[in-house]
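These notes open a run of structures that come right after.
In the two assemblies presented below, subunit A is common to both, partnered first by subunit B and then by subunit C.
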Partner chain A sequence: MGEEEQKEEEEEKKPKAEFKFPPDETGLGIISAVIAVIIVILPGTWVPAVIKAIGVIFALLWGADSVRKTSKYGLGTGVPSIGVLAMGYGIIGALLGIAFVKFAEPMGPFSSVAALGGVLLMAVVGYISGVFSNHEKIIAMKIPGLERGMMELGMAGSIAMLLQFSIVAGSLSFDKVLSTAIGTGAIALMFVLSMMAMFHPYNACLGPDEKRPRTLVTSVEISGLLCLILGIVLAATATPVWGLGGVVDGVILIAFSGIVWLVFYVKFVKECMRESDSVVGTGLIRTIE
Partner chain B sequence: MPIEAVAMLFAWMLVIVFLALIACMFEDLESDTGSQSNPNSQVQLAAQVGQVHRFFNKAISGEAPAYAMYCTTAGVIAYVLLLKGIHPLLAIPIGAAVGEAFHVIFATTAHIGRTAGSKRFEQPLYLDVLYGHLLPIATHGFMAVLCIVSIAYIQSNLGTLSGMSGLNHPFALPMLAFIWGITVGAIGSSTGDIHYGTEREFQDRPFGEGRRVVYHGKITRYAECGIRTQKDIVGFCVKYGGPCTGLTFGLIILFENWRTLVGMKLGGFLPDLQAINGDMAAILGIVIGIVIGIVLIMGNVTLVKWARKRYGPFVGE
Partner chain C sequence: MDPITILLVVVGCVIVGGVFASLGVHLLPVGGAPAAMGTATGIATGTIMLMLGAAVTGLFTASTVATFSTNILLVSFSGAVGSWIMMGVTMLMANVIYVFGSGLVPVSGRVEVDPITKEPQTPYKTPQCDGHGIPTVSYISGMAGAFIGGFGGAIMYFALLNYAFPAERLVELFAWELGKAATVSATMAAIAAIGIFVANAILAAYNIGGTIEGFHDPKFKRLPKALFSCFFVSLFCGVFVCVVALLGGLI
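Coming up: the complex of A and B.
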């Protein structure tokens, strides 16, 4: 069985994907991280929710790519666990981040930079846990690239969580996040749908003929769904009607994420139908020797 | 504080138990429809060993995170609608419907994604299998999610409903829906899988055991009559597996809440909610819980001993 799997992995590398997702793993990671970090740094009250949603989508895309990279080494049933772990890091990192912002608030409008402290802390924690998991004397899982994967997951999770807090609360102010995002239970939704956006793509496309572009398209699609619900929460809980962080901002976010979901969902379904062995209306089964 | 309030509290507890029973029964049947719990790895494996099948491969993580997702989505929508002043009788079903819409979207991506991912094993994508299973998945899931969100609603407003406002749950509705979703998924995943592995195809053997994993792909192939799909499995499991799972969850909720409430009543905490009686109430509740636990363990040991005696030892292939 082990040899067969190795052969399958070798064969997997040969066929080229029909449509390419432009950057490679490192490139996509850097691009997504930079975009997401810039949006986190900007003061929450200046940025419309749609821009923050784009940041969330990129952060989760990065996370999904990391999950794919880490889980490729035969972690069959471990794919969901890695996504949950990433968002576990994410929740802790984001809570630390908004706590840092609380201390930095008197310093001026760009105090949300302090939230990156939580992200960096989670990068360190993720790296250390990766080292522990791989180290021969501790757990000795010996998964190549686990340290980097864990670090990326911690960072992507924290950034995604911070941006979602910012969407619902309007800014990263500690008290506001506590009352609008955590007190209302919206944090549960953020946690569960973000982890889905990270692990569901690879889990759903799992198999020897899994292709990276297809997997990443799923991630964007799920992020669209997540932002849709966040838009509904924002539109329903916001007090001002116009302006940033108001009802209209939420409605625009709903429209944007609905379109994102639809476009990527249709793309994914079409791609899968095209790339599966055959698509038949109905048919009998057969045994392949 | 009148005694009616205490009676109302017990009554609402029983409503929660009943809803939990329904929820977990439908959860188990839904997971059979999508092969999320019953033949799960076998569905993936069957195609790889050359056994092309007509099963729906709903690989949305484990059941616990998946149900947490549907229930939280439903809970958030219901919560938002309740904030806008919509009646719960309307808000909760709308929330559950949105949760199920998400469920169907995820089910579609999982099935077609996995089928495309096993292209080299020549597993075709049967469109009738895809479309034909989505509605049973959505309807069974709707019942489960509806009950869970109702439980979360009752719990977060328990004090108001029973007339003792101090007993409202401190968590918001979506958070309770999240916790209950994980619970219902975990119990549905671990209980009532009477179709798992080879039990069904080889049920003439003692304990249905004794087949190597490589044959497990076969249970995705033929039914008593014609080619097997998930709908046969639901029909098979609805007799014992589903109700058994519902009973498990319902009994857990019943024992857990009953012991707490009886402890609170005996400890003198209940009618007046005096904090001074809290310790005694907790101690009595824990003692009753331990007694229930011991009785259940003894009952289980007796049952297993009887079954071993009746059906003989594990013999292997």
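Coming up: the complex of A and C.
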């Protein structure tokens, strides 16, 4: 009887996470990457903006998990730096991706597969910069798994940027992306909010009581906000009213991402309330005399 | 110019920009979190925020000048002056807050005598602290860093704007109006320049481990390592930008 009571007490002490991200870090990376890559590969004009937004959310979730994994050891410069690095590579990778799509366009409707060329090249650059940062004779940061982390961040940044181009421009065709996503200045919003979705979760939640589900929920919440803005951009710049890539598509995206943001924000606040400890008044700190 | 020269100029300018970004980061007085409490020398924020802020201000001035000038030195130096002003104002206001708000003496924690003014530093330093505020040597070093970083960012912007993504080619390719093509070209050049710039600045920031006082800091001796890595990363980025321009038909 005594043992049972003790067990019950232990269970009470350890608050169970209300929900879990079932895959571990490797699993989540693979699953998110596969989902995002499939959505990138599909021709942009066939897929509604909402599906692409799901791809963006998964890609940024993957990035946020990688940031969490690498920043756990202490970067010395603050967590934001690695998220900014990811989107710096992401922009170059996405530009490469749309250039490859233009090159492959005459070959058939599935030319958007070529965009993955940019993603892979950015993976190479990410890996090289990871090796430079971790190598003992060069920068010597000595962070386990930094090479893989930077590689994943380069890839996640490029995929997220490509999908956002695809949402705003309707497809990955070079001139449309240039005129609607880049020429309008929407790319600056995408740059800032995507890096927020990557670095902010771990930056805000870090500490001894950091829990992975809570951190990742924050990432989904910010991605929802990002998609909301993308929806507004799409609805404001689209020329057709109906159909994919039209005004209605943008309005549906606004509704969807608004719901995502609301649901995950409520979830995040509830998680915080549940995991917080009660603070007892301690009075002034006693001075040693 | 023939295409091969253009490609070489673009790659060269991107490498110069990346290496200058790295050098600029090493010269800034970055204090990080301890500086926010006044217990370390430097500005109370991270390297990335400072260098990105300086580079973006530099890009504003450089892009304004680039609308009416095609002289590479004029555009690059205007970018350098933009970053210079931003960093000068930031350091001045930080010092005003440290001195009149917190009541600290700007003093270096790494050297006993200021290498420029020859003023003693150690007697004014609070025990167990790592310096306070921004002393003269750090201020001058920070100004030099912002100038070099801004120059690097602006030269990269100029090369991308005029050689990699020229507005005239966009007009020929897609039959846009010149105004729209110029906007697209400027936005694309600016965002690509920022992307390459931050990647290099962050590698340099990892090299100094987050905080540095300026050229008198012992960590400054690690500079060659950062320059080496930044050279290769910018080389790759420069080649990739050229691939974008070639495949997109912009060269």
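The working rule: the second predicted complex is superposed on the first by the 257 of 289 C-alpha atoms of A that agree within 3 Å, B and C clash if a C-alpha of one lies under 4 Å from a C-alpha of the other, contacts with A are read in each partner's own complex, and residues count from 1 in each chain.
Rule of thumb we're sticking to: contacts are C-beta pairs under 8 Å (C-beta built on N, C-alpha and C of every residue); 3 or more make two chains touch, one makes a residue touch a chain.
Because the structure is predicted, anything quoted here is derived from the model rather than measured.
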So, does A:183 touch the first partner subunit B, the second partner subunit C, both, or neither?
both
Does subunit B (first) or subunit C (second) touch A:236, or do both, or does neither?
first
Contacts for A:264 in the overlay, against subunit B (first) and subunit C (second): which applies, first, second, both or neither?
neither
In the superposed model, which partner reaches more residues of subunit A, subunit B or subunit C?
B
Once chain A of both complexes is superposed, is A:165 in touch with subunit B (first), subunit C (second), both, or neither?
neither
With both complexes superposed on chain A, which partner does A:125 reach: first (subunit B), second (subunit C), both or neither?
second
If we overlay the two complexes on their shared chain A, which of subunit B and subunit C does A:141 touch? Say first, second, both or neither.
second
Under the stated touch criterion, which partner chain does A:256 make contact with: subunit B (first), subunit C (second), both, or neither?
neither
Figure out whether A:84 sits in contact with subunit B (first) or subunit C (second), or with both, or with neither.
both
Touched partner set for A:58, first subunit B, second subunit C, both or neither
neither
Could you give the residue numbers on subunit A that contact subunit B in one complex and subunit C in the other?
80, 84, 183, 185, 187-188, 191
Which residues, counting only subunit A, touch subunit B once they are in their complex?
8, 11, 79-80, 83-84, 183-189, 191-193, 195-196, 199-200, 203-210, 214, 218, 221-222, 225, 229, 232-233, 236-237, 265, 268-269, 271-273, 275-289
Taking the touch rule as given, give the residues of subunit A at its contact with subunit C in the complex, in rising order.
75-78, 80-82, 84-85, 87-92, 95-96, 98-100, 102-103, 121, 124-125, 128-129, 132-133, 138-139, 141, 174-175, 178-179, 182-183, 185, 187-188, 191
Across the complex, what residues on subunit C touch subunit A?
32, 46-49, 52, 170, 173-174, 176, 180, 183-184, 187-188, 191-192, 194-199, 202-203, 205-207, 209-210, 225-226, 228-229, 232-233, 236-237, 240-241, 243-249
Mind listing the subunit B positions that touch subunit A in their complex?
44, 50-54, 59-62, 65, 68-69, 72-73, 75-77, 79-80, 83-84, 102, 105-106, 108-110, 112-128, 171-178, 221, 227
